[in-house]
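Consider the two complexes below, in which chain A is the common component and chain B and chain C are the respective partners.
Moving on, here comes the complex of A and B:
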């Protein structure tokens, strides 16, 4: 069945419309505007839900001449992603109305949150490269606004800027990667920006890419973009920083949706890039992140930081899944995308409840919370056990499929490929460790220092409870979720037939042994959590110089210092400095352009110059020299007048009577204005500094030479005749303009609007002159 | 013919640049004015320069086709606009200099308060 265009357009467009209206509503209904967000998310969710079961591409033209269209493609993967975004969106808006109670700037907050939701839905369905890029960047921008919610707070500013630099930097890589794809698609004769068609003709595009040596560059660029967005090694460090955002934002953007955009994009292009290079790059990247993220999560001292690193680790798991070549790969990726969104969003909301009710987010200060927060404790138990991958919870199934993918890859590849399953187990042990640690916040004894823990209001624990019920449901009846959507999602990213098989294993096999080791070692090591953490902390401290965030800060500091150093040279406030740099660089670029494109110097045409013209031009140049060396202002102005009148005579000689007339009038007026102003100004006396004069003369000669060469290059051949535009004007001046003076007809008829603009410029200049002359006496200054 | 125009444009650009770099504000304005003149001559040069006769001037003597081959009227329209705009610019720059002198009590740009 075909999807319906209007349903998708409304589902994506409505959040944006609501975002624009939110500040208005905020003035009227105050912070209850959050419910409006929840309502919009519900509508979008419902609309997307009606499209389940459809598959296909719908489009409405945008820039038809370049085959750019507002094109949406619906399949299992897009639907899964869109349903997660809008469904969790409903819960987040409901949660935020309580959590953000009494906070400032909620109009802006909800506006950005709504715009974000619209962008993420756009990314999910976009099937046009430009539209995809647009929505992709919109998610970065809205994320920036949301991370920087506390605009006055320095750490908030720093983190927002960091997230912006990394994700938008990745976005630039995406842009280049997409343009490479577009070029390949155009060469292959498939519409240049049509992603759906590109994926349908994956084999052809791939052949074109490979023939032109663009396959690996395109693959690497898209992977970098995805890695930046999805917090992969070494670009993961912005994600923990983003935790300065309010908890609903962390739960929504930085666990369930935005960070999955990269994973989603890799799933999308998997059929195109699928191959050994793909697996080597993507699966290795994912495995590496899975390990690093899990270790850093164990090290974390703040519950949101723990969850952030854990998110990076799980994103690595999904990316590794999509990276593997076997059919288990996309199954693990898509299924874990779904499971992770449910349990991680729930856990972030739980972290918000803890911060709200216990007043602390420090892991070491918290414990025994189950007495005060019994429902939250139950939610946490379901979510953390799923995160740890303990059977029979949902996370176990998807992780088990990943183990199968790694195992099969190792068996097929042999040798070093066995590192994949080994790393997967190693990373998963740490996952079990930090998951148990998070659960332990609720168990054990409550520390003395921790004050009274309040009970959570219903509106705070209801949203994570819904998610936890979802986790429990998938845990008990995985086949329902798989059959509903996850199977379709996995097959959208796979080339092979897909059949997700989620059940508790009954007999021992390689992957099952991997799970047993993971869980066994994890539980056995948990009593030694503090010791493990201090060993890791020592290693972490010893390698501090190589941490990506250290490199980032170093680069940022160097850029800062470099720009400060440059600006003291370029930005001095002196006219001459600006003129120097501007003219020198403009001329250097021009000359470089000539040098790289033109061979040989231009040969001037041989037609004879009339003596009159040589004379006039010569006088003009002499007048200009006289202006330059003029001792007093009055002589300078008068000789400037001579120059102007000579140019007017030149126009007469060069067949331009109208120009000459205008020039004469303008020169006369200017002479008067100059004399009027100069009368008010004092004389200028200054000793010549010869060093300065020589330097300026050098630049002047350079500029003059560039202009000289440019005229020679630009001059037309003498026998060229009129250009097409010019002869068109000559031929139509009388029949259509009704005048024989072609220049006049052009100005007042064919290009009348330009002349109107010109008149406006003169009016603005006149008004400015008036203001400058008269306003000072009216006490504008002092 | 092109060579003469090129030499003029080059010389005017060089002298204008030199004036732009002076400390005397009035000379900076002169530099702007000279560079505008040079740019206009440059534009005319790009249309091809033909010695003026009654045939080449872009004012038609006849109301009926075939129309004679005149010089390029497009560059002339452009330059006409440019002359007027540069007039406005120079007048504004002069007044701005006058006001800057009033505020800073000097026409030496290096002596201005930052």
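Moving on, here comes the complex of A and C:
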């Protein structure tokens, strides 16, 4: 069945419309505007739900000349992701209305949250490279706003900026990668930006990419983008930083949705890049992140930090799943995407409850919370055991499928490929450890220092309870969840339809042994948690210099220092310095442009030059030299006038009356301006400094040479009469433009857009002068 | 200087307007006409002063205490270039009404009793906009700088 375009458009567009209206509603109804968000999310969820069972691509043209369209593709993977985003969105909005009670700027908060949900839905369904990129970047921008919710707080600013730099930097890689894909698609003749068509003709596009040596670059670029977004090694460090955001944001963006965008994108392009290179890059990356994230989660001292590193680790698991070549891989990726969203969002909401009711997020300060928070404790038990992958909880099934994928890969590859199952077990042991530690917050004895813990209100524990019921449901009836969407989702990422039964294993096999080892060692090691943590902390401290976040801070600091050093030279506050740099960089860029595109210097062609022209130009050159040695301003200005008028005469001789007229008028105006300001100019300058003179002279020569070369390049090589463009203009000026003055017809008709741009430049110049002169006394300079 | 200005300015203005009007078929056009008009006004400013037009010609009171940014002449010019920009963009948008691309122009020959065959081009509207932008923009700059 075909999906319906209007349903998708409304589901994606409604959050954006609501986002625009939110500040207005906020003024009227105050913080109750959160319920509006929940309502919008419910509508989007319902609309997406109606599309379950459909498959196909629908489009409405956007930029037809480049074959760009608002194109949406519906399949299992897109539906799974969109349902998670909108469904969890409903719960998050409901939770936020209580959690964010009494906080400032809630209009902006809900606006960004709604816009974010819309962008995620857009990413899920986008089947056009440009549309995909647009929504992808929108998630980064809205995430930046949400992380930086506490605008006055320095750590909030730092973390928001870090998340922005990493994810937008990844976005740039994605842009280049998508452009490479677009070029390949264009070469293969399947519509440049049509992602749906690209995936349908994956074999052809692949052949084109490989023929041009672009396969590996495109693969690497897309993987970097996904890694930045999904917090993979070494770009994982922004995710724990992002935990300064309010808890609903962490639960929504940094567990269930935004960080999954990278995983989702890799699943999407998997049919295109599928192969040994893909597995080597993506599966290794995922496994590495899985291990590093799990170890860092054990080290964490704050519950949200623990959950953040654990998220990175689980994202690694999903990415590794999509990386494996066997058909178990995508099944593990898609199923874990679903499971993780449920249990991790629940755990983040639990973390919010703990922080809210116990007043602390430090792991060492918390314990025995089950007495005060019995329902929350039950939710946590279901969610953490699922996170640890203990049978019969839902996380066990997806992890077991991943173990099967790793096992099968190792059997097929042999040798070093056995590292995959080994790493998976190693990382999973740590997963069991930190999951039990999180559960332990509720068990055991309550520390003396911890004050009274309040009971959580219904609105706070209801949303995670819903999620926990979801986890329990999947745990009891995994086949229902798999049959509903997960198989379809996995098939979209795999090359062939996938159908897998999830059940508790009854006989021993390789993967089952892996699970047994994981759980056994995990439980056995848990009593020594503190010792393990202190050993890891020592290792962590010893390698501090190589941590990605240290490198990041170093790079950022170096950039800061470099720009400060440069700005003392460029930003002197003197116009002459600015002019110098402006001209120098403009010419340098021009020359660089020529150097990269044209080979060889142009050869000037000798043409008949009339004596009158030589004479006029001679006078102009003479005047130009005279300007530089003029003794007073008045002489200088007048000599400059001579130069200008000579150029005007030259235009007349070269039969360009419009140019000549403009030149004359502008020249007159220039003289008048000088008359206006001549009193203000100093009559005497200090003695010449030869260094400066030489520098300025060098710049003058450079500018002159650049202009000269430009003219040579622009001039037609031989006198072949009018170029194609010129004769086109000549032919159509009268019949189409209705004017005999071609220059004017070009200005007002053929190239009117340029003229409009130039007139805007005039307005900007006028406004700048106005602002500069009138603001000068307003004491902004301090 | 004042004597010269008195004679020259009207001539310049007439030439500017004629250049502007003939622009579509002979040398000239909105930009050149605009710049020439600016030249005429600047001449007045150099010869007399910024307030001459206000006081001498239009017979208005001038508030000397105000900042130059709020000066009535300057606001008038600002309004002029805003108007010009609106006309230019508006003439472009008008084309959209006729289902043509943005900024496409058309023309029509109209027969008037006295002038004979006259060409009415929609490009003239665009040109008027450019003219206003140039005059307003440049005179804003000059009056502000000149007042220093």
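One rule holds for everything that comes next: the second predicted complex is superposed on the first by the 597 of 782 C-alpha atoms of A that agree within 3 Å, B and C clash if a C-alpha of one lies under 4 Å from a C-alpha of the other, contacts with A are read in each partner's own complex, and residues count from 1 in each chain.
Note that a contact is a pair of C-beta atoms (placed from the backbone, for glycine too) under 8 Å apart; a residue touches a chain by one contact, two chains touch by 3 or more.
Only a predicted model underlies this, so the values are computations on that prediction, with no experimental measurement involved.
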item: Partner chain in contact with A:555 - chain B first, chain C second, else both or neither; value: neither
item: First, second, both or neither for A:668, with chain B first and chain C second; value: second
item: First (chain B), second (chain C), both or neither touched by A:707; value: first
item: Partner chain(s) touched by A:760 [first = chain B, second = chain C, both, neither]; value: second
item: Chain B versus chain C as contact partner of A:752, first or second or both or neither; value: second
item: Contacts of A:657 with chain B and chain C, given as first, second, both or neither; value: both
item: Superposition-derived comparison: chain B or chain C, residues of chain A touched; value: B
item: First, second, both or neither for A:621, with chain B first and chain C second; value: first
item: Chain B versus chain C as contact partner of A:412, first or second or both or neither; value: neither
item: On chain A, positions contacted by chain B and by chain C; value: 657-658, 662, 666, 669, 673, 677, 680, 740-741, 743, 747, 755, 762, 765-766, 769, 773
item: Residues of chain C touching chain A in the complex; value: 19, 23-32, 35-36, 38-39, 42-43, 45-46, 67-69, 74, 77-78, 81, 84-85, 88-89, 92, 102-107, 119, 121, 123, 126-127, 129-130, 133-134, 136-138, 140-142, 144-146, 148
item: Interface residues, chain B side, partner chain A - complex; value: 1-24, 26-28, 30, 33-34, 37-38, 40-42, 44-53, 56-65, 67, 69-74, 76-77, 79-81, 83-85, 87-92, 94-99, 101-103, 107-110, 114
item: For the chain A and chain B complex, residues of the former touching the latter; value: 573-576, 579-580, 583, 604-605, 607-610, 613-614, 617, 620-621, 624-625, 627-628, 633, 636, 640, 643-644, 647, 650-659, 662-663, 666, 669-670, 673-674, 677-678, 680-682, 684, 686, 696-697, 699-701, 703-712, 714-716, 718, 720-723, 725-726, 729-731, 733-734, 740-743, 746-747, 751, 754-755, 758, 761-762, 765-766, 768-769, 772-773, 776, 781
item: Residues of chain A defined as touching chain C within the complex; value: 657-658, 661-662, 665-666, 668-669, 672-673, 675-677, 680, 737-741, 743-745, 747-749, 752-753, 755-756, 759-760, 762-763, 765-766, 769-770, 773-774
